[in-house]
Structure formats: structure tokens, C-alpha cells
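Sending over a structure as C-alpha cells; questions will come in a sec.
We just call them A, B, C, D, E and F in the order they show up, numbering each chain from 1.
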Amino acid sequence: MSLFLIVALPFLGALLPGIMNSAGRQACAGVTFTFTLAAFVGLLSHAPTVLSGGVVQTGAEWLPALGLNFNLFLDPLGFFFAGLILGIGMLIIIYARYYLSRDDNMGEFFTYLLLFQGAMVGIVLSDNILLLLIFWELTSLSSFLLIGYWKHLPAGRQGARMALAVTGMGGLALIGGMLILGNIAGSYDLSVILQNRELIQDSPLYTTALILILLGCFTKSAQFPFHFWLPHAMAAPTPVSAYLHSATMVKAGIFLMARMWPVLSGTPEWFYIVTTAGLITMVLGAVIALFKHDLKALLAFSTVSHLGLITMLLGTGTAFGAMAATFHIMNHATFKCALFMSAGIIDHETKTRDIPSLGGLRFLMPITFVIATIAALSMAGIPFLNGFLSKEMMLEEMEHTYLFGPTWLVPALATFGSLFSAAYCFRFISHTFLGPRREPESYPAKPHDPGFGMWGPPGFLVVLVVVIGSAPFLVEPFVKLVTGAVLGNAAEVPDKYIKIWHGLVPALYMSIAAVVGGLIVLALFKPLLRAWEATPRPEAKVIFEAIIAGAVSLARGLTHPLHNGAFSRYAAIMIVTVIAAGYHAWSTGAVSAATRAVQEAGPVPIGGWLMLVAATLGMVFLHRNRLLSLILIGIVGLMVSVAFVFLSAPDLAMTQITVEVVTIILLLLALNFLPNRTPVESSPVRRTRDGVIAVVGGVAIGLLSLHYLLRDTVAPSISEFHLANSYKGGGGTNVVNVILVDFRGFDTYGEIIVLGIAALLIYALTETLLNGPVRARLLNRTPDQPRAGDMHPMMMVVLTRVILPVVIMVGFYIFLRGHNEPGGGFIAGLVVSIGVVMQYMASGFNWTSDRLRYPYHGVIGAGVLIAGLTGIGSWFVAKPFLTSDFTYVRIPPFQEFELATAALFDLGVFLAVVGAVMLSLESFSRLARRAHVKDSEHPMDIDPSRDDPAMMKGGA
Amino acid sequence: MMTVIGMYVTAVALIVGAIFVSVGAIGLIKFNDSLTRMHAPTKVGTVGVGALLLASIIHSWTTGEGSIHQTLIMAFLFVTAPISANFIAKVNIHQRSCETPPAPPQDETWATLDAPEEDRELTEPAS
Amino acid sequence: MSNAESLMNIALIVAFVVVVVAQIMCMIRLWIGPSTGDRILALDTMVINAIGLIVLLGIAQGFTIYFEASMIIAMLGFVSTVAYARFVLRGDIIE
Amino acid sequence: MSHWIILPVIMPAILAPFIVLAARYHIGIQRVLSVAGVLALVVLNLALAWQASDGSIALYQLGDWAAPFGIVVVGDRLSTMMILLTAVLALFVLLYAIGSGWDERGRHFHALYQFQLMGIMGAFLTGDLFNLFVFFEVLLIASYGLMIHAGGNARLRAGVQYVMFNLLGSTLFLFALGAIYAETGTLNMADLAERVQLIGPEETVGIRVAAVLLLLVFAIKAAVVPLHFWLPSSYAEAPAPVAALFAIMTKVGAYAIIRVYTLVFPPDVDVTAGLHGLWLLPAALISLGLGMVGVLAAKKLDRLVAFAVIGSMGMVMIAIAMFTPVSIAAALYYILHSTFAAAALFLITDLVRSSRGHLELQDAPPIAGAALVAGLFFVAAIAMTGLPPLSGFVGKLLILHAAFESPLVVWAFAVILSASLISVVGFARAGSTIFWKAQSIAPAEDSEPVPAPSVLSFVAVGGLVAMLIALTVFAGQVHEYTQEMAAELFAPEPYISTVLDTPGKLSEPKEGY
Amino acid sequence: MEYLVASAIGILTVGGIYLVLRLRTFPVILGISLLTYAVNVFLFASGRLTIGAPPILRDVETYTDPLPQALVLTAIVISFGMTAVVVMVGLGAYLGSNDDHVDDQVEEDVT
Amino acid sequence: MRKAFRWLLPHPFLTLLLAVVWVILQNEVTAGMTVFGVILGIIIPWMTSIWWPDTPRGFLLGRMLEYCLIVLWDILVANVQVAWIVLTRSNASLRSCWVVVPLDLRQPEAITILAGTITLTPGTVTADLSNEGHSLLVHALDTDDPDAVRDQIKSRYEARLKEIFA
């Protein structure tokens, strides 16, 4: 079966259970088991090749440029681990089927389980370290889901987050390490990397890579100082603990160290870091385990301790160490998984895992008792059980390992570790099963042996324990095969035999010492416990939560004050940044003398300048009086317009002055709702700060502008073309207008759309406001200032009646002339709008709009559409969008005049401008309508002719 | 010949306009009462600008292209000036920045002082 | 150039200076106020004088194409004056 | 004369006013027209992207005027990919807006939406800097309208700041354009590229300041710290579909930086050398860090996602700031990824809001359709935090790989890796609070059951997630394409010659100087 | 002449920036308007300053650069639309909360 | 017939005015432009007549022109006076006061013209209208006899306007 399929099967299977909950628990478990079995069979189908020393390889390109490819390979090491994962997986599935209660969502559970299983298989089969990384992180994610499976338990949520945080961190470190490693080796394919031991170990980056990779391994395998997360993961359902946290996931780190052994091991860095960490973990784990009252916690720490043992063995860097490690991985998987299952059974039957409240169970649960005892004794290192064999190999290896301090230190510590290891095993047995017989009622639930479904799997494992333990020669070739895979071509597989009796070697004495010492410790358990509880210990959970909480509050302290919605500070920061970056650009460049002469200025510009400055400063110093600052900005606009005329830009002047009028009307409409004065709020310090920023910014811009004004462009401006072809190609002598409607008509098109959108937006917001909570407030608003009488003064009304038509005509005139003389659609549009606004101001909003025939939405839409369709029109003569054409026609009595498509486009502009301006102003004044003000039915308030009968005949 | 005369006339018109414009501004600065101030600029100034426009007309004829449309500007100024003046006066009356006018003979009050009821109790504005 | 022309140029410069000075005086009134009416009046006067300024520019540079600009100011300048005034009088300038 | 390349701009520009004119009062017709329009855009842009995929460059001379005198629209690999991305994103977001009924909570949603698309398309396609400004304004003002759609105090207050900040940005843009034109006398990007070569070493301040001002303008759009302040509250307060659509807006800034700084001011030009080397990459790193720290700090889910967007833009900018073909290729891949990821997260946030009532990261009763929403959140979070196996991880690997060439490689590794850790922790907290803790809390008696979100909403979100998965599965092909793009960007001669050597009305190539 | 224009741009910018940094929407909007004036003149000046040569084709040789004028015209109209929008949005925010601060007030919970 | 005329030309004088304005705008008198001006003069009032509902009865054009000339003359003369006052008189010596002008005119157009006239002719500014529209409030810059000012206004201007709008 293809390796792809072996990896894929669990993932494919994962899709099913989640969606077939309704089909029942049996079906869920069945499907899950079937997929696992299929994968397992697929794996076994490669057994002949692998066991005969061959390697199965397959691959597919995924991200070749990066060297991230879907390459898999199956060698004895991978085969061994994949076998563990899938084999034990099947047992776990059966066990879980009976372990989970009815109100657990079994489909969800098995989905997660299969996800995890697939990820694990992926890790051990990856031939590409980036691919391996992906599966690596997937195991973290799926275990996050599995640990948090019981969502209602806070312990579950916290345990899951802790596991994710720690292993996630390790994973990220691993990413760094792997990338560096791949960068050194020039490839991310394991098969390549494993060939480059010298290259990698000589690289200056070796240590960095090593440390990062080991971070990944240690966090995953709960090595000191990252051992603390594992016990908290025990909040997960027992099958999860048994599967992830004893047999498989925690072995991923071990696996990776074994995988990388040929290229990473053998250096002092490796030796000191790995062996030390392993040794400490082993001893520490063992000691803590002894004093845990929770069955699963005890087992968890024993796992920590044994993982430390294996790590330590790999750390030695010797072939024998590697072999011992491999063998112990196998043994530990069998007895530890059996133990977890037994613990699960006890928990399941007695509804407690608290050792002190247990005891005497051997009478009530004989089968469980047998299974658990054998497994425990194996872990304790009792002969004829597999634990004994690998542990003795460990002791032998340690006996001639020199790390630091006196030569006897490491062996002593190793023995000490195994002593406590034996002790907690004995405690597990005696405090749970031995002791006086008790009534079933004395337990939280009446305990009895479970059905075969639950004791079958551990029973099977225990059989393995005994078989391997008493007939090691059965597995020896396999162990050596795997060891060979670990060693690669870095070392030779040792020819030592795995047997029970090596004669009276030091390791034997150390074993005996451990077992005997273990019994003594158990005897002295109570005083020791008291001493243990007396000694202060750091509580991992508390520390972790504290760290996270600290991180969060640090993060908040970092971001919240910075993002507290103080726009004025945001703006200040932005402006300062711009100035700084601009200054940096300037100061790193070269500047040479001016090339253009300065034109001298007459009285007009100087006077205009004076008034502009006066008005601007006035706005700064008098800005609290809002009406006054509006008047002053009117002056600024006026002066800028005059300046535009002076500097040969009549079109700009006209646009500026008309826009000015409309803007002021708009701001006055808004100011009607806003406070008329701005209170003094900012401190003098702050005002000074703002002043400094403002002055620096102003000076910078001024100097920059001066710099350009006194120099020529690097090449003649493209506008020479516009001047040259405006008449020829655009049919207009007002080059500015031709640029607007022809050369750069696309800009103008976008521009009128901006105007249109602005109006739509304003209208939409008005609607929202008038249909929202604000409505009531608006309707019953009382004016914030006393108002004079005479809403619609007679003189204004009469004047408007005469001047409005004139204004419209002038607008029309400006529109027509625009192409050849100053003017155009924009200005015409603004002029006409102002005319209509005049009418609004004279006779009031209601009176005017009631008589209005044209919906402004329509006007805007029509304008934008006309402009757009004019552009599209040119497609029919196979020309690009907005291509203009023009001709001259003569209809008596009129003299010859020009017809240009540009004029049509300009019409669109005109309409859009009128519509947009009017819709915006209309929206504003709709806000101002108040409930008790009735629509005036007369154009003017005071009209003597109304109440004078003699006048009535003319009246309407 | 006509050109020369035209130039002289232009110059004269310019000077006259300048004088009137300056008078308008002087009045605006000099007088100490809001309403009194209005007199100078609203019309002397207007006439001044009118004179300048006249100058530009004459000048255009002397230079030959001959234009009359400046008269439109004059017209606009003369039509709109009274309205501006009227509104500014109303503002002054409303804000009490001048002596309150005597009551009209027939009607009870002036339009500006004829404030809506709901505003009557609002405090007097600070001018 | 003829002395008529030079006389006209002198007159032109005088006019320029005078109008600019007038503008500055209006600006002063606008600063000191005291009443809003005075300020609006000052603005209105400045707008009218600005027309004069543009007209003078037209004469000086010999263009008639500045006509539209000055006409628009003459035609619409008073609208902002009225708007300011209406704001003081009624608060809502379009009611 | 093929008009296809201009259609992505013209179609929405015609459709929107038509909607305003014809269907102002009929939401149903508006929806049909809007969806039809966006679907058409997807198909069209797909065709355009396919056309450009062989390296051919589509040039469109508006008004038949040749560049640089007229405005041209240019469709190369990059711009066509960006418009395709926009269209696809727009489709799903629009479906969500309709499914969730957001489009009915204010006026003119669909018209504004179409205008928004027109602005974005134009910004991606135009070859003229001032025209780029115009389209920036179009997309901005449309975004103002969409951002305050449906009103509400908090939203309007955020809207004020959003608008004001962007007005400052637009002002800066104009200053930059003035500087550019004052120095070079042109506005067309290709022409600029040639004229920048003409500038001598004795007089470089002018172009340098112009260039850096332009960069800052785009950096504001790309929300690079410390120019990012406009983003958090506006994205958090904006209606969800709008926030989701905004995922592309930051990319406009990124695109503009890539375009201008490979075409006009490429790294090998001396006069503009060393303009940003000093600060851009550090700023990007800080953006990433700050963004992810913000994720950890967030008290509300919408703020969390907003900060995640800042972080992801930090990632993009890290890659861009290195300005090597490898890094740009990585950046482009990450742009695709982060757009979909951010959009999906914003929509999921809205799913949570609609069923939970609020987004506070604190205990609350279980929510309707929790399992599905939780699943979607989990996937989107994996993508955003860059965990395997999704595109975020691939993108992260690509950027880390590219970082080996950078002098700041150590910093890049440190910041990127620790930032992902922080974001993982942050998202894990949020997720477990919203979706797990809820299980342990009984719903209040008085709470009436909220209706589960509509199927269409889930379809939309599912579509975005599907895009993320597709990006992962076809990472090889996509990255290969982005590599071709990067290569094209660093060898701009074909682009320049296509733009400048094509004659137009009254002009032979290179006439005028 | 150049000095006058450049300094005018500078002073408009000073006023604009100072007002933009105020605390209420209205002055900030006025500040943005001032900045708009500054940038329009700056953009206009990018075509250099020419007196008495408007770009209306006649029988003369020298014209001022028309392109910046077209650009400024576009900018003026666009910024008018933008001003209208920001005024309306600011007004909406004020009417809703009866508070025209641009900064979020501290008591509000942000982030 | 008359109805149709009224519909086509709601304000005949306005049409005339517009035509004239158009021709002046063109800055040259040509047949074509005049015709065009007339056309516009018909179209535009037709568009805007919605806002000028009550058509005033016609007035005597000849007398109107005469009135305009008188006013122009007064403006010129009186401007000089005011200029003199402005330049020579001190604030203290100014005798400015309110003048109330009771109106015989009733038609808004007529009243407006009167008010405008008053403002334009130096020395007086129309400040306000009474709330029923029966008197004008006028401010005199410098006069020792308000009644004289009032009588002059009524006799010199209002009387003529009454005839014109009779």
C-alpha cells in the first residue's frame, strides 16, 4: 500500500465519525477502528521490505521552490514507530469505545483521535523536515482539541492551552532550527540531511540549530524544564492520556532526536545538553511521581521520568545507548499504556483516582489487579518482565558515562532514579490493590472488573510485557534493526545480546539496589510524604497561569494606552513620522545651487500674502469662535483665488471661489447643530507641543516647495504635448479644460464619481440618522442662540427671483465657453448650484423643494452615466474609452460653432456636480427640519400685497 | 489720438476708483458705530470698484478689442450690495450692536425684532 | 512709450497700492470687530475690493479673460455674506 | 483594440449609478444586479489574469492618448492577479452581506459596494500616479460610506477618525505628487522610471523626498506602524462584510509599494538608494509584533481580528521591505493568503456577534450553531496564526526562507516566530473562552433563542475558507506564479517599453522630449 | 515671488497642522481645509510660477504649465466632496453622542 | 391666447433682461447670439417660474429707465458727499439717526426697488422692514432733520415708483 495512503487513511477516516454521530457509538468506533486497521495492514504490507533492511520511499512535489515536498520514506525506525502508533491506536479505540459515557460526543472524539493519529504517522514517515514540521504542529493542534475534549472542565481548557502554548513554542523553535538545518545542508530532505553529518556539525550555525531543535524535542517530550505541562494534560479522558501522553505524542520528541541522531549527536553540545536534561528529568520525575495521589498524575510523572531516561540514553551518543533507548521505547509503550488503561478502569469503576481513598481492590477487581501488577512490576524493573531488560541496559550504559563531578555521580543518580521508580511502582500496587478487604460501598461507586472490551487491550499488552521480558531473543533482531536505522552510517550496531542474565555485572547490583531501596522507601512512605509536603515546591499550573496573565496584562499595557482612540495623538505621531522620514531622505541626499531666477514681487502679491497670513494666523488664534474662523477661512479662500488669477490660472480661481461659497454654506449648516464656541481644553504644554510640530512641518513644506520653485524639472514637462495638441487633438483652446475632459478625462471621470459617492453617502447617513434614535432629538431641538424674526426676507426673495435666471444663464454661458475660455462643466455646475441654493436661502427649504421637479439622485446618476456612456460611445468607432471627437457646424443665423463629444462628457460633469452639491445641501437642511415648524406656504413672510385687496388680481 | 485720450481717461477713472475704494475702507476703519460704518463701504466702495470697471472698459476700447461686459459686473454689484447691506443691518439690529430703532407707525415692530415666541426667553446674545 | 501710457501705468500702480491698502484696512476691521456685523461687513467689502483687484490685473496684463472670474465673484460673493448673516439671525440658513 | 482590460473599472462604474437611478427603492433588484456584476467581474478578471499569465502586458490608452501624455491602464501579471483577488473576495463578502441582511441596514449599500470595487480595480490597473490618487479617493470615499453604513454612535465616532486620518493621508499623497511632478515633469510611472534615471548625483534631494513621501502614503494604507492607528477601531466598528472587504484595502498600499519601488525606484537606482533600508524593515517587524501583541491584549473579538490584520500586514511588509525577487514572491503569496484569512475571520466574528449579541471575550452562554462556527473559527485562526497545515504556515516558511538573504535575518526569525507564538496563545484564549467556556454556562432564562445565521452566510465563509485550503494545496503552483511575477517586476523593461513605445493620437513613441 | 508663495504654503501648513491637532471636530475640519489650501498651492507651484500667461491658446509663445492647474482643479473638487463627507459624519457622531470630541473619551472602553 | 402667452412668457421683462445679459456676456452684438439669447430668455424663466409664482403686473418701461437715470445721478452726486463726510467729519460730529419711512407701495418688487435705491444713494441704508411690511427702517449717516430725509425719499423715489407700478 502506498505510503501516501497509509498517512492519508486516518485523515480520510477523520471526516466520518464527526458526521455519523447519529449512526451510534458502535458505528463511530467501528469506522475509526477499520481505518486504523487498514492503515496498520498497509504498514505491515511493507514489513518484508523493511525487515530485510530495505527502505520504502515515495514523494510528490508540493512547494519545490522552497524544498517543501510531500516526500515519505519508511525505514525500520519509522516502521517501528508507525507500528506503535497504529497498533496501540487500535487498542485505544476499542478501550475508548467502552470508556466514554453516553453523553460524551463520541464522533467528535474519534475525529480528533484520527486527526492526531494521522499527524503522528505523518511525523514518523516524513522524509522532508518541513513536511515533518507540519505534522509536528498538527499533533499539537489535535492534542489541544483532545485535551480540551471535556469543554465543561476548566482543568481541561487550561491543560489544553498550556499544552498548546508549550509544545507550540517548541514547534516554532523547531521551525527555526529546521530551516537553519536545511539551509546548511542545502536541502530539507531528511535523506539528504542525514548524509551531511560533517557539513552540519562544522557549520557555525550548528549550535543554534541544535538548541532550537532540542527545544522542540524537549517541549514535546516533556523534558526538564518543560516537563510541567504533561501532568496537566491528564485532564483529558484516559484513552487520550494513554495514547498521547504515554505511547505516542510524547515520544515524538524522542523520535526526532533518534531521527536526527546521526547528524546531531556525538558533539559535546549534544552530549551535555541532552544527557543532563534527560538525567534531571528522570530523577525529578521519579521523585515527584512517588508522592502523587492521583493515579494518572503518578503515571504521568513516571512517564516524564522514563522519557528522561530515554533522552539520557540518546544523549550519550553511543551505539549501545541508542540501542537501549530504542528497546526501552518499545517496552515503555507496552507497560505504560497498560498501566494507564488500568488506571482508567479503576477510575471508571470506582469513580475515583485518588490513591488514599483506594486500596484492597484486588478482591473486587482481580483481573485488573493482575494486569496492573504485572505492568507495574515491569516498570519497576523486576526480572522476566521487559522493563527489567531495558532498564538494566540503561544502568550499564550509565555506569561508564562521565558527565560532570566525580565519576560515580551519574551511575549513582541513575540508580537513585530507578530506586524511586521502583518505589512508586510498588506504591501503585500496594496502595491501590493490596491492603485489607473493604466493602464495595466504601468506594464512591461499587467496583468490579469491567467487560472484556476494557480489560482486553491492557491484557494483550501485558502478555507482550511478559513475552518480551522472558524471551528477549524474539525481539532482539528487530530492536537491532531499528537501532541500525537510528545510527544510520554514523555508528555500527553493537553486537551485544539482549539477555536476562549477564552475570554479576555492576548493572545487576545497581538493579538490586534500586529494587530493595524501592521497598525500603515504600516502607518509610508516610514520614517521607510528611517531609515532602513540608518542603515548598513551585506549582507549575500557578506559574504558567501567572506567566500568561502577566503576558496579557503586559500586552494590554503595551497596546491599550497606545490605541485609546486619541485621534489627535495619532495625527501628531503620523505628522512627526512624515517629517522625520522626509528629513532623513533630504539629509542623505545631495543638493546643488538654484537654477531658476527669483521673480520680484509687486505690491499686489505682497498685500495678498499679508492678508493670507493674517487670516491664517487669525484662524489659529481665534479658532475658538467658530463663526469667526469660518469668516476667516472665507478670506483665505478669497486670497487664494486672487492669487490663482494673478498666477495665470483663471479656471482655478473660479473653481476655488465657487467651491468656497458652497463649502461655507455647508459648514454653516453644520455649525447650526454644533456648539458655536470651542472650549479651552488642551494644556499650554500640549498647545506648545502642537505649535512646535506645526511650525516644523510648515517650515519643511515651505522649504521643499521653495526648492522645487527655484529649479527646473529633469526633463521638459509632458504638458508641452498638451499645449501643442490641445487645439489640434482636443478642439479646445483652454488647455486646462481640454486636459480635464480629454487628455486626462479618466481622472475627471473618477472625480465626478467621488462627488457622486459623497452625495450618496451624505444622503444615506441622513436617512440613517432620521430613522434612528437621533430623530426625536432633531425634531425637538431648541436653537442654541436667540433668533431674529423674518425667516424669508422680502428683499432677498425678490432679488433671487430676478437673479436666479441670470445665474443659470451665466452658468450655461460658462459651460459653453469652457472648452475655449476659462470655465467648464465644474464651474458651471457649481454656479448653478449656488443659484439654486440662493433660492433655498430666500424662500426656505420646504417651499423651494416642494416645487422642485428634478430628483437629485437622478441628476447625479444621469451625470455619471452620461459621462460613462460618452466614454463608451467611442468604442463604436473602435477607439478607446473617452476618445474625443469634434466638428464645426453652422446653422444660420448662428455663426459657426463647435460640437465636441468632450462637451457631452462635460455635460455629465455638470449634472453630477449640480446633483451632488444639491443632494448634500438638501440632506443637511433636512436634518434641520423641526416638528413644530410648519411648511410655509408663501415664498416670503412679509408681503403687504397679500392683505391688500387691490393687489390681489396679479397674485397667484 | 483716441488712444491717448483713452489712456488719460483710463488713468482718471483709475484714480477716481482708487479714491472711492480707499474712502470706503477709511470709513470702515474710522467710524465707531456698527451702523455708521456700513455707509462707506457698501456704496462708496461699490462705486469705487465701479469706476475701476469703467477704467477697464475704456482701456479695452483704447487697446482695440473693445469690451462692454464689465458693465454686467457693475450691475451685479449694484443689485446685490443693498441685500448685503440689508442683512448686515439686520445682524446689527438683532445683536443690539446699535441703538434700538423706534417702533414703526402702523405695524407693531420691525421684522428682525419680531422673534418667534420660543426664543423670547433665550438670553440676549453677546455681540 | 508715450507719457499718456506712463501716466496710466502710474495710475494703475497707485490703484493697486490703494486697493491693497484698503484690503488691509478691511482685514484690520475684521480682526477687531467688535460686532459680528462689522466682521461680515469687512468680509463683504474685501470681496468687492477683490473684484477691483482682479479688474486691475486684467488691465495690467491686458487680458479680458479674467472677466469670468470677477463676474462670478460679483454675482455670488454676496451669497456667503447673506449666509453668514442668516446664520447669526436664524441659526439655520436654509429653513 | 480590445477593451477588456478597462472593463473591470467601467462595469461597476456604470452599474452603480444604474442601481441608484433604477433600483433605488428595490433591495431585491439591487442584490441581483450587484451579485451579477461581481460574478461578471470574477469571470472577466479570471480571463484577464489568464491572458497575462504568459507575460503579455495589456495596455489601454484612455482617450487614445499615448503615455505619458494621457492616462494608461496596464494589465500585467501582478495587476491582473490583484483584481482577480479583489473580485473573488468581493463575491463571497457580497454573498455574506446579503445572507446576513447587512445590506438592508442602511441606504445605497450596493451602489457604494460597486463604487468601492471600481476604485480598487482602478488603483490596481492604472499606470499613472495621479490617476492612482484619484482611484484612491474613489475607493476611500466609498469605504467611508460603507464603514458608517447602518450608523450607530460607536461606528460614527470611529468613522470620524477614519475619515480624518485618511484625509491627512490624501493630503500627503498630493504633496508627494506635487513633489514628483515638480522634480520630473511627468506622472506616468513608466515615464517616471526613465526620468529618474536622468537625475544626476549632484541634485538628489528633490527626488528622494518625493519618493519617501510617496512611500509613506502607501505605508499608511498598508497600516505600517506607526502609521497604522487608523485601522483598529475602524475595522472593528465597520460592519463585518465591510471590514472583510477592507482586507483588500491594506493590500492596495502593499501593491503600490511593490509596484512603485520595483518599477520607478528599484533598489539599484543610486539617487534613491538607502531611503527606507534604515527603517522600513524594522517598522514592519514592529508592526508584526505589535499586531500580535494586540491579539493577545484584545478584550473583544473584533479588535482581536483587527490587530491580527495589522500583524499580517507586518508579515507582508517584512517580505516586501527586503525587495528581493524571492521576498517579493513570498510577499505576494502572503498577500493572497492574508486577504482571505482576514476576511474570513471578520465574517466569523459577525457570526459570533449575531448569535451571541456581543463580542466581549468573557463568559457567555453557548451560541447557536456553535459547532460549525467554532470549526470555521478554528480553521481561520490556524490560517491567520500561521500554524500548519494551512497557507499561513506556507507563507511564513516562504518569508522566513527569504529572510536568510537579509542582514536582519536573526531579528526576522526572532520576531516572526515569537509573534506567531503570541498570536497562537491569543487566539487560543479567545477561542476557548467563546466556544468552550460557553459549554459550562447555562443560558439565561429570559434570553430568547437567537436564530442561527442563514445558510448563505455559511456558504460565504466556507468559500473563503475553501480559498485558504486551495492556496495550501496548490501552494506550489501559486508560488511558482508569484515567482514569475516577482521576476517580471524586477525586469520592468517590457512593461516600460509597452507603455511608452505604443503610439497614440497625434504622437509617435517618445515624442515630446 | 517664489519666496512669497513658498512661505504662504508653509504658513497655511502651520495653521492646518495646528488646527488638525485640536480636540474638537470643527477646528480639525477647518485645519484639514487649511492643509487642503496648502497642498493645492503646492501642487499648483509644481508647475512653477508664471505671471500673466494663462494657458488659453492665443497668438503668443509662452504659457504657464497647464497640467498642474488641471490636477489642482481635480484636487479642489475631490477635497470639497471629502470635506462635505467628514462634516456630515462628524455631525452624525455629534448628534448621536452629544459630544464633538475627535478623541474617544477615556471612560469608553477601547481595544 | 393670453393664457398661452402667459405660459410661454411668464415674465416677459425677465426674458428681455436675459436676452440683453446674454448679448453683453458675448461681448459682441450679433444676430445669432441675440436670437440665441432670446431663446434662452424664454427657456430659463420657463424653468424657474415655479419659484416666481405670482407674476407682477407689467410696469412702464420708459418711466423705469428715467427712474434709473435719476438714481444713477443721485448715486454719483451723493457718493461725493459721503466721501467728503468720511474724510472730514469726526465721529463725534456725526448726527446719524434712524428714519422711519411709512410705505404707500404694496408690491414686493416695488418695495425692494425702493429699498435698494435708498441703500445705493449715499447717506442712507435700508435696515429693515416692519413686520407687516408697511414701513421701511432707514439709517441716515448724517442728518439734522430725519423728516426731511423721509419726505425726500417718498417724494423723489416712492412717488415715481408708484406711477411706474401703477
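Convention: a residue touches a chain if its C-beta (ideal position, glycine included) is under 8 Å from a C-beta of that chain, and two chains touch if they have at least 3 such contacts.
Values in this document were obtained by computation on a predicted structure and should not be read as measured data.
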| item | value |
| --- | --- |
| If a chain touches subunit C and subunit D alike, it appears here | A, E |
| Chain whose Cα centroid lies at the greatest distance from that of subunit B | A |
| Centrality ranking, top chain (CA atoms only) | D |
| Chain whose mean Cα position lies farthest from subunit D | F |
| Interface with more contacting C-beta pairs, comparing A-C to A-B | A-C |
| Inter-centroid spacing, subunit E versus subunit B (mean Cα positions, whole Å) | 31 |
| Approximate Å spacing (C-alpha centroids) for the pair subunit C, subunit E | 23 |
| Between subunit A and subunit F, centroid-to-centroid distance (C-alpha), Å | 74 |
| Inter-chain centre distance, subunit D versus subunit E - centres from mean C-alpha coordinates, in Å | 27 |
| Set of subunit C residues in contact with two or more other chains | 21, 23, 36, 40, 56, 64-65, 71, 75, 77, 82, 86, 88-89 |
| For subunit F, residues contacting two or more additional chains | 21, 25, 27, 115-116, 126, 129, 131-134 |
| Residues of subunit E engaged with two or more neighbouring chains | 20, 25, 28-29, 40, 42, 45-48, 51-52, 54, 56, 67, 71, 74, 78, 81-82, 85, 89-90, 92, 96, 102, 104, 110-111 |
| Parts of subunit D lying in touch with subunit E, wherever the complex brings them together | 130, 134, 137, 141, 144, 148, 151-153, 156-157, 159-161, 163-164, 167-168, 170-171, 174-175, 177-179, 181-182, 187, 232-233, 294, 297-300, 303 |
| Of all residues in subunit C, those that touch subunit B in their complex | 2, 4-5, 7-8, 10-12, 14-15, 18-19, 21-23, 25-26, 28-29, 34-38, 40-42, 44-45, 48-49, 51-52, 55-56, 58-59, 62, 64, 67, 70-71, 74-75, 77-78, 81-82, 85-86, 88-89 |
| Sites on subunit E touched by subunit D in the complex | 20, 25, 28-29, 32, 35-36, 39-40, 42-43, 45-48, 67-68, 71, 74-75, 78-79, 81-82, 85-86, 89-90, 92-93, 96-97, 102, 104, 109-111 |
| Contact set on subunit E toward subunit C in their complex | 51-52, 54, 56 |
| Complex interface listing, subunit A residues touching subunit B | 782-783, 785-790, 793, 795-796, 799, 802-803, 941-942 |
